[in-house]
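One chain, chain A, links the two complexes that follow: it is found with chain B in the first and with chain C in the second.
Right after this comes the complex of A and B.
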């Protein structure tokens, strides 16, 4: 045990900075994963989204730290490598492992903590393993970039910060010059959002994992302080890694870097009547407050075709396929805004706004329908609530927002066809 | 005096400031969403003060630590003067570049001109200097880097930050608290440089 203990102490001394940074990065990833949780919900997809976001900040940090560590080692190591009895590759890869290893270990450490949290709190869902592997490979690529950068530049006063800023600048560049999504995904940072309403497309994730791992190994191989020529076996290994990198990159570009597509697993829990609301099991906490919101909406729409009967939680766009007789409800969060937005999106999807999409519809009519939608949902943030007091529609909204429910319901029943066909005028409003 | 200036890489700092001004001009009113929700745009030009900020802080590290430790003349005032003069240079040049920017599209990135640029130079230089003092050259740079990158990921819209401190870099010109905090950070950094002992010994 003693030699083992000595080896560990020696490793801790040599890799003090990477070990410290490992702890910092782990904490940062966990913090960002927790920050991505939504009020009242406990979903694995939210935690994975936070982990994905963290690649934007952990990349530059890992890059800068590894650049600092490798730049300090490069000059003294060159002479030692030339006169060493061990092979150059074994010395270099051992140092790379000591430097990059602790930094990269931050990711599994963070995932382990999140897994314990997820299991003890009953988080809904499970992380998609290829997604996690792709994220891990992003961190490896960032650290390897910094390692090679530091080795190339040497111990200058700006080496570490230059590596960090260069990595971030490349990220900005890759995101900003209008590249197709597949090409942008060749940069090691994932900013996709995971969701419970998704079908995963693992091609991009596997492609990224292979690409970033191969590029990392190539960078570590190229980071040779002694600048020796490649031996034939090393040349073959480099060629193999290059092929892997090209293959992985081609897979990413071919699959357009897409991680997921809209999909409803229909893992529902249903509750209530008039309306019956079916929500994804992970959103179970939303049943009671959403029923309250829709009860108010139902009072306003009673006797019209807008009145909800059976609602199924769904995803907007691709994958939005409620069962026959059911209507979709979208739910972003269980907080007050999320719940009202859910009712508002129902009103706009099944109300008159769809008819208002026709080109040439007069603004006054669109405004009249928007005022009704805002009244129905009790949500005016994006509509009439933003109007200037003297703007057309402002006075009508002020009147409409104060109309009692029974009176408003009676008015809606008599004007339902005009509302649904977007032929309502401001003068028709109560 | 000349030797002091040379060892604090005035030539390199001038180059960094010139490159930063060019990047500000190239970026123009260009903005990017760092957050995966796509919500909240970050004006790229406002991130550029990170370059002179960390360069000024990194340049404080002396390559002649052994000689300076036993120097007969007190050089803390020189170090503070180095921070003040280089910050003034960077702020003036970048603010000049920002004057030439066209107004940005969209309210989210509007009203961010020379004032925001000067504020960011002060804040990030201050954060860099304090970071290097606290964490050394290994990790000191991480303080301003994290201040620039992390907030837009957690708070996409600057108006979500009531204190205006966390998202200081992305606040508009009129954000009084952000400007005051930036000045305070910079003043503390100058004080730290001029009044406290250097990690190298003096």
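Right after this comes the complex of A and C.
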């Protein structure tokens, strides 16, 4: 045990900064994963979304610290590598493992913590493994970029900062020059949001994992402080890695860097009546509060075709395929805004707004329907609530928002056809 | 015995040595020469035979350049301290020496003992847990010497190892080198004729890619007048040799 303990102490001292950064990166990833959780929900896709978004920050950090470590090692190592009897590649890969290893270990460390959290709290779903591998390879690529950058620039005071800035600047550049999504996805950062209503498209993830891993190994190979020519076996390995990188990149571009597409697993738990609401199992906590919201909505729409009977949760309530007799409901979160937005989405999807989409529909009619929707959902953030007091519709909204439920329901029943066909005028409103 | 046979060495595009023949025997050979004479180029080529453009290098009669295996074996039997020896930041004295032992493909079991032995030789075993960055310049040079000796090499190559050391540090370094060199083939380049007087069993003077003198220190001293501004007989002989060579230039 003593030699092992000594080796570990020695490693800890030599790699103090990468180890510290490992802890920081782990904490950062966990923090961002937790920050991505939505109020009242405990979903693995939210945690994975946070992990994904953290790549924009962890990449530059990993790049900076690896540049620092490699630049300090490069100069003293150059002469010793030239006169070493061990192969140059094995020396460099051993050093890269010691430097990049702790930084890259931050990802599995964070995933482990999240897995323990997910298991103990019963988080819904399970992370998609190729997605995690792609994220891990992003961190590896960022660290390797910094490693090669530091080796090339040498030990200067600005080396690590320059590496971090260069990595981030490349990210900004890749996102801002109007490239197709597939080409943008060749940069090692993932900003896609995972969701329980998705079918995964693993081609891009595998493509990225292969591309970033191959590019990382190529960068480490190229970062030779002794600047030796490649031996034939190393040349073959480089050619193989280059082929892998090109293949991975082509797969990413071909699949347009797309990670997922809308999909409903119909893993529902249903409850209640008038309406009966079926929510994804992960959203079970939303049943009671959503029932309350829809019960109010049902009172206002009772006796009309808008009254909800059977609701099924779906992807943003659009382009979906609910069961016969059911309607879709979109639910973003269990907080008050999320619940009211859910009702509002239902009203706009099944109410008059669909008919208002026709080009040439007079603004006043659109406004009249919007006022009704806002009253039905009790949610006015996106329309009448933002009108200036003297603007057309403001007075009507003020009046409508104060109408008692029974009176409003009676009015809706008599004006249902005008509302649904978007022929309602402001003067028709109660 | 290490023999260079018809070596051609380049630095960039410039040809520094052309068809150089040289044989080194056990003992300390000091390489003298003015700046740019090619001392470092020669030492680096001997330490890193892949830099040799043409010719052959024989260690005990076997060609070093014959195959990658023979080259690797040669490198494992060589210790080299470059002119600008740089230490690894954050490494302790023993870690530095052990790291070089690892680079020389020593077995994991042997590394620690070998490092301790090398540090004993350079009188640094007491400081083995200190970081190299905290040592004085003279001590750091001795860490470099320990790194050079850690694999018990048959060939020791030292490129101006005493440059920048004060007289006391030089004295300690030379004593350590004398002890460490033992019966190894040691080639040491220097500007300091003191090094020749204290260390050399043999002196080689080079300039313009040519060997101007190859013999015993006493023979070099004998070339000097013993008067003038030169502080020692050896330096006087060395300067006389260079003046003679300068005069013979076309």
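In this text, the second predicted complex is superposed on the first by the 427 of 430 C-alpha atoms of A that agree within 3 Å, B and C clash if a C-alpha of one lies under 4 Å from a C-alpha of the other, contacts with A are read in each partner's own complex, and residues count from 1 in each chain.
Simple rule for what comes next: contacts are C-beta pairs under 8 Å (C-beta built on N, C-alpha and C of every residue); 3 or more make two chains touch, one makes a residue touch a chain.
What you are looking at is a predicted structure, and each value in this text was computed from that prediction instead of being measured.
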Exercise. Clash or fit: how do chain B and chain C relate after the overlay on chain A?
Worked result: fit
Exercise. Who does A:85 touch here: chain B (first), chain C (second), both, or neither?
Worked result: second
For this session: Considering only touches as defined above, state whether A:113 meets chain B (first), chain C (second), both or neither.
Result: neither
Problem set entry | Geometry of the superposed three-chain model: angle at chain A (Cα centres of chain B and chain C, steps of 10 degrees) | 60
Problem set entry | First, second, both or neither for A:192, with chain B first and chain C second | first
For this session: Based on the superposed arrangement, let me know which partner A:13 touches: chain B (first), chain C (second), both, or neither?
Result: second
For this session: Report for A:32: first if it touches chain B alone, second if chain C alone, otherwise both or neither.
Result: first
Exercise. Regarding the shared-chain residue A:76, is it in contact with chain B (first), chain C (second), both, or neither?
Worked result: second
Exercise. Chain A residues in contact: does chain B have more, or chain C?
Worked result: B
For this session: Give one of first, second, both or neither to describe whether A:172 is in contact with chain B, with chain C, with both, or with none.
Result: first
Exercise. Can you give the closest approach of chain B to chain C, taken over C-alpha atoms and in whole Å, for the superposition?
Worked result: 13
Exercise. Can you list the residues of chain A that touch chain B in one structure and chain C in the other?
Worked result: none
Seminar exercise, completed: Interface with chain A, chain C side, in the complex: residues 44, 47-48, 50, 68, 72-73, 75-76, 78, 80, 82, 85-92, 95, 99-100, 102-105, 112, 147
Exercise. Can you list the residues on chain A that touch chain B in the complex?
Worked result: 17, 20-21, 32, 35, 49, 52-54, 56-57, 60-61, 64-65, 68, 157-158, 160-161, 164-165, 168, 172, 175-176, 191-193
Problem set entry | Residues on chain B engaged by chain A in the complex (per definition of touch) | 9, 12, 30, 32, 34-37, 44, 47, 50-51, 54-55, 58-59, 61, 63, 137-139, 141-142, 145-146, 149-150, 153-154
Problem set entry | Contact set on chain A toward chain C in their complex | 3, 10, 13-14, 16, 72-73, 75-77, 79-86, 91, 228, 231
